[in-house]
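Next come two complexes, and both contain chain A; in the first it sits with chain B, in the second with chain C.
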Partner chain A sequence: MIISNIGFSSLFLGLISSLVVFSCSVANVKKNSLSLSKIIYQFLTTQFFFVIIGFFILLYSFIISDFSNETVYNNSHSTKPIFYKITGLWGNHEGSLLLWLLVLTSFVLFFFIDSKNEPKKFRLYTIIFHQIIVIGFFIFILKTSNPFDTLYPIPQEGLGLNPILQDPALAIHPPILYVGYVGTSIIFASALGAMVTGYVNKFWAKNLKKWILISWTFLTGGILLGSIWAYYELGWGGFWFWDPVENISLMPWLSLTALLHCVSTLEKRDLLKNWSIILSIVTFMLSVTGTFLVRSGILNSVHTFANDPTRGIYILIFLFVLIFISFVIFFIFESKNLENKKEIFFLSKETSVLINNWFMMYFLSVVLIGTVYPIFLDVITSEKISVGPPFYNKLLIPFLIPFFLFMSVGPSMSWIKTNFRFKIAFIYYFLTTFTATILTIYYLSEKDLLLIILIFSLVFLFIKTVTNFFEKNTNYAQNLSHLGFAMLMLSILFNSISSTEIIKNIKVGESFNSKNERITFKKIITEEEKNYSSIIGFFEIKNDENKTIKLNPEIRIYNQPVIATSEAAIKTTFFKDRFITINLIKDEQLFNVRYQNKPFMIWIWISTMVIIFGGTIAIFSKKKNYI
Partner chain B sequence: MEELLQFSAKKKITFSFLIFAFLIFCFLILNKALNEDKIYSPKLEKNKNSYLPDFNLPQLFSPDQVLLSEIVKQKDFSLVNIWASWCIPCREENDLLKSLSNINSLQNIGINYKDKKKNSIKFLQDYGNPFNHNLVDYNGTESINLGAYGVPETFLINKNRKILLKIIGPINNNHIKQITKIING
Partner chain C sequence: MAKKKILILILLLINIFGNCYSENKPYSKLENDISKNLRCLICQGQSIYDSNSEFALSMRVYIRDQIDSGYSESQIYNMLVKKYGQWIVYDPGYSKKTFLLWFIPLLFFLLGGAIIYLRIYKSRKL
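After this line comes the complex of A and B, so read on.
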């Protein structure tokens, strides 16, 4: 009880510190002193300190299962393993906002420490704009989603954490994703700051790139974890469903990717200033829009924790205020950062970055429309539609072909102007790609012309990216991420073309065939765990060569709250995943068994990790031209 | 693009005005969406005499489309059940639905929701087919119009498609009692 009050007061003091930082920064702009006032630094630290205290108090309440705290009561249970007690903190609306605030305040502090060599006014304005966001979130938390609300009388037991959220990948998914999401706030604030002070130039780009790389890498990691969770935990046998909530994380990723390329151009050639600014603003707006759509309950999904309309209204107003401020600033200060009137040659890296931008903008608009259109349509015409994979496949796949082709040649272009010389190597590329494509098509027995062309362009991208490693002046970090992307697209493509599925209802002891494999249901056992009881099925899969694979899918019946979930048993091998789920059929001896063969599944994760690895190298790389 | 983004003063004003108007539009729409009821259901609570909308849907076992109002005329009462092969509670309620198909004045209409044809036929073969009519709602739009916000969901309607009972989630023995009570008057 007392401890919750301390937590609340701590957050309140945090808000006061951030107001102090804001007003001091505003006052400091007018002063002509060379250095920033010490107070700003001190209060940025106190603001961070108070949020940390609040965070640890909530963490402590979760660990000791203090059910006098309403958030703990709603989302925890005393029998839960300690790991999920801790991760339960961000498995709910209030706690996850506190985490968001923690990342937000730590980023602005890091920015302050990191930007010592940059112009004073730029730093001040960046902090001012960033503090607007911080204050907004402080008020949001304190007013509408206080994590320290108390209950009296104190309940004996909590309500428990939704069992589908009790998964290791999902437990660390929010913090990772948040670093990516919230990191864009610094990019946004810094873009506005640079705009106001006329600092949109090479130096700005060089420093911003670090923040972009951090956000981008973490965002990629967060999306990967979410996807892994959907695959292993939800047991639907897929990793991406074009669910609105997934789209929301993909949209900032797309604009961040475009921004990453733009900023390099700005750094090298002092070009694409407006692009960089607009993309910086758009990326953060998409992050806040994502928060709005997920938190307001406009969309219904596992991520929707509460449907309290006042929260939705608050974020909506906040979002539009931010958009409004950024547009006003853009139009007023646009003339301060005039674009260089340099000519861009057709065969140059600048052109390929521009082409990449336009592709990213196209993909972004498709995803945005697919996500938001149903909401708009519902309000205007009360017609309810659901936008699913066919929509995205139709609109995205044809455009992927030119995108892959441009992506394969883009990195080989030089800045300013590429001297194109015909090389024998081109013939080799073409022949290898051609042969590889024919082999692939033969292997998959694919007859769809569009898919064949898609495979061709993708194989070309893959081969070109691999050979880039052996060329002079290759940027390894960038090429690694590009290679990861090519591998990812290849694995997704093969995976979606050649997955198979069989659904059977069988008794213990029976067996069935799938292609050249025989699946036998050996036995079932039941086990009691701390917070659930489980029914485990034992399956044996024998293939032609008489190799046996054992799989043990599980049905878990959680006690708090009582929910039955089906845990897939997945046997991952280098080339394919075997995937079994079982479900109970009421009052019968039969079990419903779903057996799936999913080729190249593990490569989807591996290639995404390659992308992340490329990003990580770039972050730590001392070399200046890591892009 | 570079030329597009370099604005003259006059262009700037027009442009910002347009953007501003668009933003306000978006704000109003989203604001309205926030205040709307998230649970899509026919206004059963507000208006006791509500009716299921009429619609055309393809059938599972034949290529022809059928009109709901046409089928409904065949019996005094119809039980419209929205189901999917991937839905676990649907498996559980299957037996109860079968038990209802013994009632003479009642027919079961199944609407297969967002499903693969292969899987749904398999489902009916494995668990038994409790439905007199099997309709398919491949992309889920008609079910949303019906007011379903998940599977399974069941409506008991009369000849005029008037909703007599709506069951959200799987049906249980109590629901069966309610249904038989309504049918027997």
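After this line comes the complex of A and C, so read on.
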């Protein structure tokens, strides 16, 4: 009880500190001193300090299961393993916002320390704009989603955490994703700051790139963890469903990727100033819109766990304020950033960056329209439609072909102008790609012309990217991420083409065939765990060579809250995953068994890790031209 | 023994609607493909294929019956749309209402291409 009050007061003091920072920064702009006022630094630290205190108090309440705290009561239970007690903190709205705030305040402090060599006014304005966001989130937490609300009389037991959230991948998914999301706030504030002070130039670009890379790498990691979780936990063997909440994490990723490429053009050639600014603003807007759409509960998604309309309205208003501020600033100061219209040659890296941005914006518009169109249609005509995989496949797949081709040649272009000379190597590339494609098509026995062309362009991208490693002047970090992307697309493609499955209702002791394998349902046993009871099925899979694989899928029935989940049993090998789930059905001896063969599944995760690895190298790289 | 009781209760709850399930034949590829394109109306963002709810299970039986009676994939979708509305199919289809849905992204693409073309073309003249 007392401890919750301390937590609340701590957050309140945090708000006060951020108001102090804000007003001091505004006052400091007028002063002519060369350095920033000490007070700003001190209060940025206190602001961070108070949020940390709040965070640890909530963490403590979760660990000791203090059910006088409403958030703990709603989302925890005393029988939960300690690991999930801790991660339960961000498995709910209030706690996850506190985590948002923690990352937000730590980033602005980090920015302050890191930007010592940059112009004073730019730093000040960036902090001012960033503090607007911080203050907005402080008020949001304190007014609508206080994590320290108390209950009296104190309940004996909590309501528990949704069992499908009790998973290691999902436990660390929010913090990683949030670093990515929240990192875009620095990009946003810095873009506005640079605009006001006329600092949109190569120095700004160079410093901003670090922040973009951090956000981008973490966002990629967050999306990866979310997909892994969906694959293991949701129990039907997919990893991406074009679900609105997934789309929402993909949108900032797309615009960040565009920005990452665009900002390097600004750094090298002093071009695309306004466009970089617009992208920086858009990226952050997409992050906030994402929070709004997820939290307001207007979305029908498998990932929507808790929502409350009043919160949605607050975020909506906040979003409009931010959009308004950025628009005003953009139109007032746009002329300050006049770039001398340099010539852009057709065969140049500038053009390839523009083409990258072109496609990224197209993909973004597909995902954005696909996500929000049904909402608007519902509001205007009260007619409900669903926009699912068929829509995205139709609008994305044909455009991936030129995208892959451009992506294969883009990195080999030089800045300003590329002197195109015909090389024997081109014939070599073409022949290798051709042979590889034919082999692939033969192996997959694929007859769809569109897919064949897609495979061709993708194989070309893959081969070209691999050979780039052996050329001089290759930027390894960038090439690694590109290679990861090519591998990812290849694995997704092969996986979706050649996955097989069989769904059947069988009794214990029966068996069935899938291709050249025989699956036998040996027995079931029941077990009692601390917070759930489980029914475990024992399966044996025998292939031609009489090798046996044992898989034990589970049905778990959690006690708090009472929910049944189906835990997949997955046998991962280098080339394919065997995936099996069971479900109960009417006849007590009959089980619904779903057995899937999923080729290249592990490669989807590996290639995404390669992308992330490329980003990480770039963050720590001393060499400045890492893109 | 409260846990055991809960367990039994849940087993019963889950099993009420499973009656239609005595047939012991695996789902065909067509059945799975159709069920992937249909929304489970009582779930949060899951398809019939993904879900194990009663609705999804009875829908599975419906799909099988319709296929057995010789209806084609698109006929089955049409019948379901008539009954439950456009919400049930994941393919929004082409109609007056979805015209903008398809058109806006393509417009974006054309517009982007035009801007880039003009930028490069114009810069030549400087």
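The criterion applied here is as follows: the second predicted complex is superposed on the first by the 618 of 627 C-alpha atoms of A that agree within 3 Å, B and C clash if a C-alpha of one lies under 4 Å from a C-alpha of the other, contacts with A are read in each partner's own complex, and residues count from 1 in each chain.
Going forward, a contact is a pair of C-beta atoms (placed from the backbone, for glycine too) under 8 Å apart; a residue touches a chain by one contact, two chains touch by 3 or more.
Predicted model, so just to flag it, every value in this text is computed and none were measured.
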item	value
Clash-or-fit label for the pair chain B, chain C on chain A	clash
Partner chain(s) touched by A:Phe324 [first = chain B, second = chain C, both, neither]	first
Partner chain in contact with A:Val26 - chain B first, chain C second, else both or neither	neither
Which superposed partner A:Asn592 touches (first chain B, second chain C, both, neither)	both
Partner chain in contact with A:Asn583 - chain B first, chain C second, else both or neither	both
Touched chain A residues, chain B compared with chain C	C
Partner chain in contact with A:Leu354 - chain B first, chain C second, else both or neither	both
First, second, both or neither for A:Lys384, with chain B first and chain C second	both
First, second, both or neither for A:Ile619, with chain B first and chain C second	neither
Which of chain B and chain C A:Ile39 touches, first, second, both or neither	neither
Touched partner set for A:Ile503, first chain B, second chain C, both or neither	both
Doubly contacted chain A residues - partners chain C and chain B	236, 300, 354, 358, 384-386, 388, 503-505, 564, 566, 583-587, 592
Complex contact set, residues of chain A against chain B	236, 274-275, 278, 292, 296-298, 300, 307, 309, 312-313, 316, 320, 323-324, 327, 331, 334, 338-339, 354, 358, 375-376, 378-380, 384-386, 388, 503-505, 564, 566, 583-587, 592
Chain B to chain A touching residues, read off their complex	1-2, 5-7, 12, 15-16, 19-20, 23, 26-27, 29-36, 38, 40, 85-86, 88, 91-92, 95, 114, 119, 122, 126-127, 139-141, 144-145, 149
Complex contacts: residues of chain C adjacent to chain A	3-4, 6-7, 10-11, 14-19, 21-27, 32, 36-37, 39, 43-47, 49-50, 52, 57, 85-92, 97-98, 100-102, 104-106, 108-109, 112-113, 116, 119-120, 122-124, 126
Footprint of chain C on chain A - complex, ascending	234, 236, 238, 241, 243-244, 299-304, 341-346, 351, 354-355, 357-358, 361-362, 365-366, 369-370, 373-374, 377, 381, 383-391, 395, 399, 501-506, 512, 526, 528, 533, 557, 559, 562, 564, 566, 583-588, 590, 592
